[in-house]
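Down below is the structure, laid out as structure tokens.
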Amino acid sequence: MTASPILDVRHVSKRFDGLLANDDVSVSVARGELLGLIGPNGAGKSTLFNMIAGAFPVTSGEIWLDGTDITAVAGTRRCAHGIARTFQVPRSFDTMSVLENVMVGSFMRTASASTARIRALETLEYVGIAGRAQAPAVDLTPPEKRRLEMARALATEPKLLLLDEVMTGLTPAEAKAGVDLIRRVRERGVTIIMVEHVMEIVMPLVDRAVVLHLGKVLAEGKPSEVVRDERVIKAYLGDRHRAA
Amino acid sequence: MTAQAFFQVLASGLLMGLLYALIAVGLSLIFGLMDVVNFAHGEFLMVAMYATFGLWAIVGVDPVLLMPLVIAFMFVFGAAVYLGVVRFAMRAKTNSGMVQIFATFGLAILIQGVSQLLFSPDYRSIPASWLGGRTVSIGGVFLPLPQVYGGLISVLAFAGLYLLMSRTDFGKALEATREDQGAVALVGIDRNKVFALGWGLGAALVGLAGSVLAIFYYIHPQVGGPFALVAYVVVALGGFGSVFGALAAGLIVGVVESFAAIAMPPAMKSIPVYLLYLGVVFIRPSGLFGRL
Amino acid sequence: MTGFNRRHVLIGTAAATVTARPAFAQAPAEIVIGALYPMSGANAQVGVDARNAFETAVDIVNGMHEVALPGAKNAGLMGLGNAKIKLVYADHQADPQKGRAEAERLITQDKVTAIIGCYHSAVSNTVSVTCEKYGVPFMCADSSSPSLHRRDLKFFFRPAAHDEFFSKGMFDFLDAQKASGTKIETLGLFYEDTIFGADSSNTQRKLAAERGYKIVADIKYRANSPTLTSEVQQLKTADADVVLPSSYTTDAILLIKTMGELGYKPKNIVAQAAGFSEKAVFDAVGDKLDGLISRASFALDMAGKRPSITYVNDKYKARGNRDLNDNTARQFMAMLVLADGIDRAKSTDGEKVRAALAATAIPGDQTIMPWGKVAFGADGQNVDADPVLIQYIGGKWVTIFPKSVAAAPAKWPM
Amino acid sequence: MTPRRWQLVVLFAVTAGFVAVPAVLRDAYLLNVLILTLMYAALAQSWNILGGYCGQISLGHALYFGCGAYVTSLLFTKLGVSPWFGAMAGGCVAAVLALALGYPCFRLAGHYFSIATIVIAEIGLLLVHNWDAVGGAQGIQWPISRDSWWTLQFARNKAPYVYLALGLFVITWLVTYWIEGSRWGYWWRAVKDNTEAAESLGVEVFRSKMAAAALSAFFTAVGGGFYAAFVGYIDPESVMTFRFSLLFALPAVLGGIGTLWGPLVGAAILIPMTEITRSYMGGSGNGVDLIIYGALIMFIALAKPEGVLSLFQRDAKPEAAR
């Protein structure tokens, strides 16, 4: 692992119609790292996530990927630079089969349909839904859909994988299987950023956590340190109080 | 152009615009409620016109008095179309939009055929009525009474619609259903019932327009087409689902068309209207007042 | 017509063996004629009316009638052993492609001897070409585009006038009015954006220039438009001495209603028939049309000079619950002309019927029309189909021009 | 052999079947129905490229159809250019037009896009209607000429038109087949199903839409060129009205949108139904033909929302592994 970060978010801000969703956020992610991006509701996690993925532009600041300034690179092109993502609510291609869904991802790195098919099958094997390859994507169960999203993203052969609340709504058993999968992906050398609302799921899994609160970085560090941070506890408690 | 001619063209455009808005708002309402474009909308208008004509011929009462009957008939008709046709079109798992378009398109042809069978393809009109053919002149600007009546009805309908949407339980149910169809089922609102009522309401609004139009327009099985095209443009220009947008866009289309027919060869008067639509959506992709 | 090449003729013969036209040694009991009209869509009523006109004509041909019309006296067609005419109807929905396909079906499946049609000039265009290819006569009853007979078609026949005749008749009338001291200087053209409107307005524009009338309004409008207010406003502003509308039923109703709504009373209207001869228009706005002048191929009040008119009109009215008008009279007469041709051909062979039609010579008093006679030029156009002008007065049509047939002088201004 | 390859075998068999028809069927009317069926199958397949695969529901394809018909007719009647080249030229003009219009229009979504296509086609119709240099309302008449493959004029012989329409269908089918198996095909379907997800996977959404539009417009216009040569007369009302735009989409929807065989199956049901109800019931003028026709469209749309083709396919999609 080299010292230079794979992702460098520098002083990024985002403003929506007067609302400051991200305020001077700087985050650096090392190669091969598994980073948890956490925070209570409305902390600005999704905003930051979407700006890294390129779904919408930054208001100010810069985003660097592997030594390249990608701030101005359009969303479609970020995938070619090596950023892949999943969606909070899975967005499968419902008129296509599972295999075809993943092939769309494979086509990022090859124009040949036969190569894409082979790679897609390998990826399906890897995420553990190869048996459903021919099923219409629309017929998958919710956990299967999450795996499909993961497979599709992995098929683009990303350097950086962005996971948006992939554990939400899963049963404990399903979540455990999901955690295993993420570990294995990470062992392949893919850098991962996970956005999670519920801390309990991510903390045992991630190398490092960044806590966002009210659009700013509140704390960052080892999970064990972060969960003991006074400010973090307060922010989350406040959130719970509000929720109650 | 003299000032008098200017105001005449403006007044004519506004009166026609109010009618366009009234024709379009039912379409917009149905769309906003459930994301369905009714391709038989022009035929709804035609049915309302024939209903007015038929009642007039049988009962012999002035079309103005027949209006409530026509609205009631159209309400039932619209609800029946939902329950008998559209409900099934919505079951499609994929591309339900296209299925709805073509189911209602088939319905449109069917209605045309039935009208031809029942009323013959001849051009009908209501030659004598209280308002028909009467006109008032204000400073040399002529305001035909049927259109003035239509304009008033349109304004009242929009006011009523506003109250209905904001003040009644039915309006709230409509609003809730369009906001979130899944959540509605949870709170126990019967989705099918709301949709059927929505279609009834949409058709009743077209019925209103048809009962006015029958006073001063000819009636035949194909009469709906040109109005439907205007209605689609009005709805899209105003923003799908926006009631106020339909009113604003109807007026804009009426006035633009009216002036275009003076400024250029009238055979091409629709072109500025179409260009206006394109110009607006290229800048605002969800129309003037639409939510995307 | 570049003519059929050898191969074409061979194919034709091959087709003939398949379709097996009746041999004329033994006269057929029925002569089938195809009638192609819009039977659905915006102009379906035209098809329904045409049907009644044709049935009336066929009734007269097939039965024995004491009336001065060709083929009326004896039952059926004498030349073919009193064979009866049978009509087959088809719907072209105003689509040239469908018209062509239906024509082909009528020719090959129903084995029609001739086709009559088609109201829409665009459809008559493709149907006549199809008939030409199959060597089947096409009787153009009521399409009035002048371009139709200028295509060197051998099997095309039009007994009625075309738009140039009609417009010329209208301008002759205007000239005559002017000569008698009426002031007519300015004209307002109002025409739909179709072949009909284009043909009509082009001729009118040309004639106006030649004869020294000033066109103060030249308004081409979109047919079946939801509103004509601004269009009429322009007519009103121009306030021409004569308004010349070329409109079909729907727009004619809307035009007159809108004129009333805008408080515009035109000084005079001289219409290019079409909508202004349809019952629906007078049902709707007849009260506003008193004094309207229209060109016509037909006038009911000429019954004095043409006794057959009353006879035919009564029969037609019994079927269609309306009087004969410009269109239906032309349709009726075209059918008689066609029957007369087949009768004289003594055959159902296309070429023979064609030759017989080309030799048609029906004197004017054997028609219900004001025509001098029916005799076709080499292009298939009847050269002696001069129109008349009629005026709508007190709910009735009165022939006002030309003088030779006029029942009364024109009421001017309207 | 992969299931995909089997599709080629089916195509071959279907083509062979159609080639044989004119040898046994001589009836001009029925052949005419066959020609229209194949032509609409080809046109629906062209529409399907943009509407079915890429998910951009155009209801303005009459513009491209008219473009092909007009360019072909003008080149032939004014310059004597063979319709073979005329149709190609018309196709190219339409493709360029589609790119120019796609640039702003593909920013629009859903019904706003569809209405924009309707409106643009209406503008085209009105312009041609009022443009005297291209015949205006009077249209363009093809001269009556001797039978020739060069001018594509055949007086009574319908077989050449059957083969031409069949050829057009086979070509559009093969192009669609090739696309379906290529990266473009996957991209287009991804764009149709979920644009945002497609973008996140590096799919060139805008380029995909533009490519699909150009290809779709090209073949629609070639079909227009064929139609002009076949009918021998065109005017704006008979080639550019909204009715045509619907007729291009309808077979694809009825047969199965975004499928290889949907357009042919849909056309094979719809066109004979249209023609036969009109021919054998339309003469009465009482509208019964419309009632039956409308009811059938409605019935098919409601009974088989995924298209008639879904009757034959369980859940196995044609794209199978190997």
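Note that the chains take the letters A, B, C and D in the order they are written out, and that residue 1 is the start of every chain.
The definition used in the following text is that contacts are C-beta pairs under 8 Å (C-beta built on N, C-alpha and C of every residue); 3 or more make two chains touch, one makes a residue touch a chain.
Here the structure is a predicted model, which means the values were calculated and not measured.
Excluding subunit A, the assembly's touch network remains one piece. Compare each chain's C-alpha centroid with the centroid of every protein C-alpha atom shown, and the nearest one belongs to D.
A centroid comparison over C-alpha atoms places A as the chain most distant from subunit C. Two chain pairs, A-D and C-D, are compared here, and C-D has more C-beta pairs in contact (counted per touch definition above). If you average the CA atoms of subunit A and of subunit D, the two centres end up 43 Å from each other. Inter-chain spacing, taken between the CA centroids of subunit A and subunit C, is 76 Å.
The centroid of the Cα atoms in subunit A and the matching centroid in subunit B are 47 Å apart.
For the pair subunit C and subunit D, the distance between mean C-alpha positions equals 37 Å. Within subunit B, the positions touching two or more other chains are listed as 93-94, 113, 116, 121, 221, 265, 267-268, 270.
Contact of a single residue of subunit D with at least two other chains is seen at positions 126, 129-130, 258, 285, 287, 289-290. Contact with two or more other chains is made by residues 40, 44, 47-48, 193, 220, 222 of subunit C.
If you check the complex, the residues on subunit B that touch subunit C are 2, 5, 8-9, 12-13, 16, 20, 113, 116, 120-125, 127, 133, 135, 137, 142, 144, 147, 216-218, 220-222, 225-227, 230, 257-262, 265-270.
Residues of subunit C touching subunit B in their complex: 40-45, 47-48, 193, 219-222, 224-231, 233-234, 237, 249-250, 253-254, 257, 260-263, 278, 280-281, 283-288. Those residues of subunit C that touch subunit D in the complex are listed here as 1-2, 4-5, 7-8, 11-12, 15, 18, 39-40, 44, 47-48, 51, 88-91, 93-98, 100-102, 104-105, 107-109, 122, 125-126, 129, 132-134, 145, 147, 151, 153, 193-195, 197-199, 220, 222.
Residues 53, 55, 75-77, 79-80, 84-85, 87, 91-97, 99-100, 103-105, 107-108, 111, 113, 116-117, 121, 133-136, 139, 152-153, 156 of subunit A touch subunit D in their complex. Considering their complex, residues 31, 37, 85, 88-89, 91-99, 101-103, 105-117, 121, 221, 229, 232-233, 236, 240, 265, 267-268, 270-271, 274-275, 277-278, 281-282, 285-287, 292 of subunit B touch subunit D.
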